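These are the structures, in structure tokens.
Paired with chain B in one complex and with chain C in the other, chain A is shared by the two complexes that follow.
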Partner chain A sequence: METDALALSLTYQFGTNAAFLFLAALGLIVILGMMNIINLAHGELMMMGAYVATITHNQLGLPFPLAVIVSFFAVAVFGAILELLIVRRFYGRELGALVVTWGISLILGQGTLLVFGPFMPAIKIPGGSYSYGGFSYSAYWLILIAISIALIAGLYWLYRYTNYGLQARATMQNAEMAKALGVPTNRVYLLTFSLGAGLAGLSGALLAPTSTIAPFMGQQFVAPAFITVVVGGAANVISGAVGSSVLLSAIKTPIGMAYGAFLGTVALLIASLIIIRIMPDGISAAIQKLMDRRRTRKTK
Partner chain B sequence: MTSKILHLIGGDADIGTSKTFWIGFVIAVILFALYPTQVSEFRASNVSYYLLNIPLALGMALLWGYCGVLSFGHVAYFGIAGYTYGIIAGNMAGNSFGPIAGVLGGLLASALVAGIFAYFVFYSRVREWIIPILTLVLTLLLETFLGQTAGYQWRVGSVLLGGYNGMTGIPAFQIGSFVFMGYSFYYFCMVIVLACYVGLRMLLNSKFGQVVTAIREDPLRTEIFGYDIRARQWLVFVLSALLAAISGLLYVQWGNYITPSQVGLLSAALPVIWAAVGGRTSLLAVLIATIVLNWVTFTLSSQGNQYAMVIIGAALVITMLFFPRGIVIMLAEWIGKVTNRKNSGAAT
Partner chain C sequence: MTILNINNVVAGYKTANVLQGVSITLSESEIVSVVGRNGVGKSTLVKTIIGLLPARSGQIIFNEKDITSTKANNRAKSGIGYVPQGRGIFPDLTVQDNLRMGGLIGTKQKKLNFDSVFSYFPILKERLHQRGGTLSGGQQEMLAIARALINKPKLLLLDEPSDGVQPSIVEEIGKFLLKLKDTGEITVLLVEQNFDLLQTVSDRAYAMEKGTVSDTLTKEDLNNDETLAAYIAV
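So, the complex of A and B:
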């Protein structure tokens, strides 16, 4: 009974950690996988999503699920504008893109502070909590785990079965060849950046009830999101995001439970250094290699 | 021998190789040396602050501009050196060797962390974009760690780490019984900045420097020529971390305090901005931009202007969009073109 409860609690912690890492990194990895651009304004886009959700939910009285959807579209539109005005000029210049998106993040963070002040009233966590064997479980985090799984399925469908997904995968593999075959790569890039930004806004809105709403709240997502992306790599968006958040959660959960949240995050950084020492291109590239090898063996 | 050294200093690894340039350079150094005689100790101390940031900025230029490796987290080494100095010198308060031991300890601690970190990233041959991200994560974690060190249990010897309020009462630098403060600290900074600049120029004009620049241009080709690029990137990274550490040491000796926000996101942005706005491929351009931008931020924020960070961020975006090679470099090239035209006009 005791061990049952502990095992269940560990599973739950593992699930919430994985869902958190996955949500924090998703928008970033979508943009990285496609365009080789790290969007350093990612944390601020999540912050924007949280602000949109808070304002529409608390002040306009929209139900929370609807507020989350509004956040997705609002930040996606903002992302599209950013792409058209600024990011577009930096394709092929990875470090330049990093620096310019950092400038954007400074402006967004400080600008939000000036416009909305240092604090916003938080959103109440929807749903209650359950307890079993001395451990308590938040219903909202269980919903977030479910939403993460739904997002994985949704992205898989998007990349596998839609016209956009086909063009996106073609552009990812070989942008020049795709262009020569008539894929409007510029539009694919615009849509992808907008999708990545929108997903950042969606994650920000979903995680808003679990954190304080402040102009620099994005910073708390930056470290875990970037570690997840570095470990995941850019070879395949879905396997990168899922593989990496599951693996890192498996590292973070026991250490975080035993030694506290901060050392859990430190363990993430150390683990990521060791993982890239073994697989420099991340988990997604390692998985890809493994699958390729298996495929060639089969054809023999 | 002397001609060889002069050749190393005057080589073309940096802008400014003509005789006119060096005359101007000497005049500028003399003007900086005369400045404290004309102003109050307070004003001189403010300018010391602009000067003490220069080694950090030069380290960014070395790493990003010349070696092609971008770090968003060099303030981590700034902070590690500052805190280590505070701990060692604070515990040896009263002992005149304390500050020197603190300086050595600070440099060593920064080099150690940078060395371990750089081993993992360079010897893994990670992609270009991974290094800036991991450096940023490292410095953010350092900030989080230092931020939660409030309270009496977080002390080393007799020095409190102090959480978000930071470490206070850090001793000034001294050699023997001479304490560097006010005017003397200004000259101390000036000598160090000059030594860093000239030393880096010599390094970059040497064969080592040429290989480093070659790594930036084409890592694969450089490696096929038989150079171990990983070892060189590692060395350059540690060297630039040491430069950041020098700035950190000067900072705590200047203000006698340090807070975790010195290794936070906003502080981490500054060196990158100085290097980008000035023009990262020139030491001198970065040096000039560091002084000017520090002066601008200092003036804006001392007037209580809340837009300082927005303006700095906008300066970064505008530079990257319209002056990708840096504003100071483009100005310098424009001046060079104008004077050349005049010279050739006079010749014909």
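So, the complex of A and C:
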């Protein structure tokens, strides 16, 4: 009985940690993983999503799920404008993109502080909580875990099975050749950046009830987001991000439970260092190498 | 009937013009080659025809339409297939997805006619689920050609298909081009340095020098090794 409850709680903690890492990384999976833009405004895009959700839910009275969807579209439109006006001038110039997105993040953070002040009223966590064997479980986090799984499936479908997904992957690998095969590459870049921004907004809105709503709230997501995407690698960004959030959570959760959250985070950082040292191109590149070897052997 | 007419085209990179007024004409279902030493502008010519480089002056007429200021993606849609030097395979896409990319050029086709390209290059069928980047040079060349052909272009631009490809596959590509010519449905512009391939498939050729067409070669000129060598060798 006692061990049952502990195992269940451990599983739950593992799920919430993995879902948090995945959601924090969600928009960055597309923008850094696919487009190779070091987007330092990632946290601020998430913050925008949280603000849109807070305003539409708390002040305009929109039901929370609807507010989350509105956040996705609002930040996606903002991302499209950003791409058209600024980001498209920096493709292939990684350092330029890094500096310009940092600038954007400063403007967004300080601008939000000026307009909305240092704090917003929080969003009440939807749903109640369950308790079993002395541990309690939040219904909302269980929903977030389910949403994360649905998002993984959705993204996988989008990039694996749709024409847009195929053209986007091809464009990121060789834009000139894609253009010579009839792909309107400018539009693909625009759509992809906009989707990445929208997804950052979506996860910002989803995580808003679990966080303080403030102009610089995005900062807390930036480090886990970059760690998740970089450990996952670019060979297959979706399976990479899933792999790294699961693996990192599997390390953080038991250590966090035994020795406290702080040491759990320390363990996560050390694990990331070791993984990147062993697999410099990330988990997905290591998986890809393995699959290549298997498929080549099969046809020989 | 004329399928491609390039009239006094100037193009290049940054401040330097590589093509200094090139004029060539291709008729339907011919295989026409472009020969010349390295750096005379052969690849630049092909890139200007597909539209990856803008023509700074002059005119490009394809299939009786002026496409001089049409974007590359729309030129591809209008029926020009492009196989670049170095092949331009998407390394992280599977063979199948590379072929699907070629198929997406035309939005009309619902089902891709994979079998038509497998009949030319059966090896691709065996490698369908392998990543493009794991193929050998010759297999990648075949994949790039198949990808360009799957949408049935009227004009195929082939930039040095023998480059980095083993001799047996160069021979196979030669045989394939002759079969393709027999269908009578496609015109080929071939940039090439390999004597055997040039002599096997070309109906005639243009010789380029310093960014202009310096000479035209008949099939007899091409079949004479010494004449051909004078245009290619350093």
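Methods note: the second predicted complex is superposed on the first by the 300 of 300 C-alpha atoms of A that agree within 3 Å, B and C clash if a C-alpha of one lies under 4 Å from a C-alpha of the other, contacts with A are read in each partner's own complex, and residues count from 1 in each chain.
Keep in mind that, in the parts below, a contact is a pair of C-beta atoms (placed from the backbone, for glycine too) under 8 Å apart; a residue touches a chain by one contact, two chains touch by 3 or more.
If you're wondering where the values come from, they're calculated on a predicted model, not measured in any experiment.
Asker: Kindly say whether there is room for both chain B and chain C on chain A in the superposition, answering fit or clash.
Answerer: Fit: chain B and chain C sit side by side once superposed on chain A.
Asker: Which partner chains sit in contact with A:Ala267 here, chain B, chain C, both or neither? Use first/second/both/neither.
Answerer: A:Ala267: touches no partner chain.
Asker: A:Gln219 contacts which: chain B (first), chain C (second), both, neither?
Answerer: Touch partner of A:Gln219: chain B, not chain C.
Asker: Under the stated touch criterion, which partner chain does A:Asp292 make contact with: chain B (first), chain C (second), both, or neither?
Answerer: So A:Asp292 only meets chain C here.
Asker: What is the contact status of A:Ala235 with respect to chain B (first) and chain C (second): first, second, both, or neither?
Answerer: A:Ala235 contacts chain C only, not chain B.
Asker: Given the touch rule stated above, what does A:Pro184 touch, chain B (first), chain C (second), both, or neither?
Answerer: second
Asker: State whether A:Leu10 touches chain B only (first), chain C only (second), both chains, or neither.
Answerer: Neither partner.
Asker: One more residue to check, A:Leu62. First (chain B), second (chain C), both or neither?
Answerer: neither
Asker: For the three-chain arrangement built by superposition, which of chain B and chain C touches the greater number of chain A residues?
Answerer: On the superposition, B touches more of the residues of chain A.
Asker: Nearest 10 degrees is fine: what angle do the Cα centroids of chain B and chain C make about that of chain A?
Answerer: About 90 degrees between chain B and chain C, seen from chain A.
Asker: Please work out how little space separates the C-alpha atoms of chain B and chain C at their nearest point after superposition, in whole Å.
Answerer: Closest C-alpha pair between chain B and chain C: 18 Å.
Asker: Can you check the complex and tell me which residues of chain B touch chain A?
Answerer: 64, 68, 70, 72, 117, 120-121, 123-130, 132-134, 136-138, 140-141, 144-145, 148, 265-266, 269, 272-273, 276, 306-307, 309-310, 312-317, 320-321, 324
Asker: Touching residues of chain A toward chain C in the complex: what are they?
Answerer: Listed in rising order, the residues of chain A that touch chain C are 163, 166-167, 169-170, 173-174, 176-185, 235-236, 288, 292, 295-296, 299.
Asker: Within their complex, state which residues of chain A touch chain B.
Answerer: Touching chain B from chain A are residues 32, 36, 38, 40, 86, 89-90, 94-96, 98-100, 102-107, 109-111, 113-114, 216, 219, 222-223, 226-227, 229-230, 234, 262, 265-266, 269, 272-274, 276-277, 280-281.
Asker: In their complex, what parts of chain C are in touch with chain A?
Answerer: Within the complex, chain C contacts chain A at residues 50-52, 71-74, 76-77, 82, 84, 88, 90-93, 97, 100-102, 104-106, 126-127, 129-131, 134, 147.
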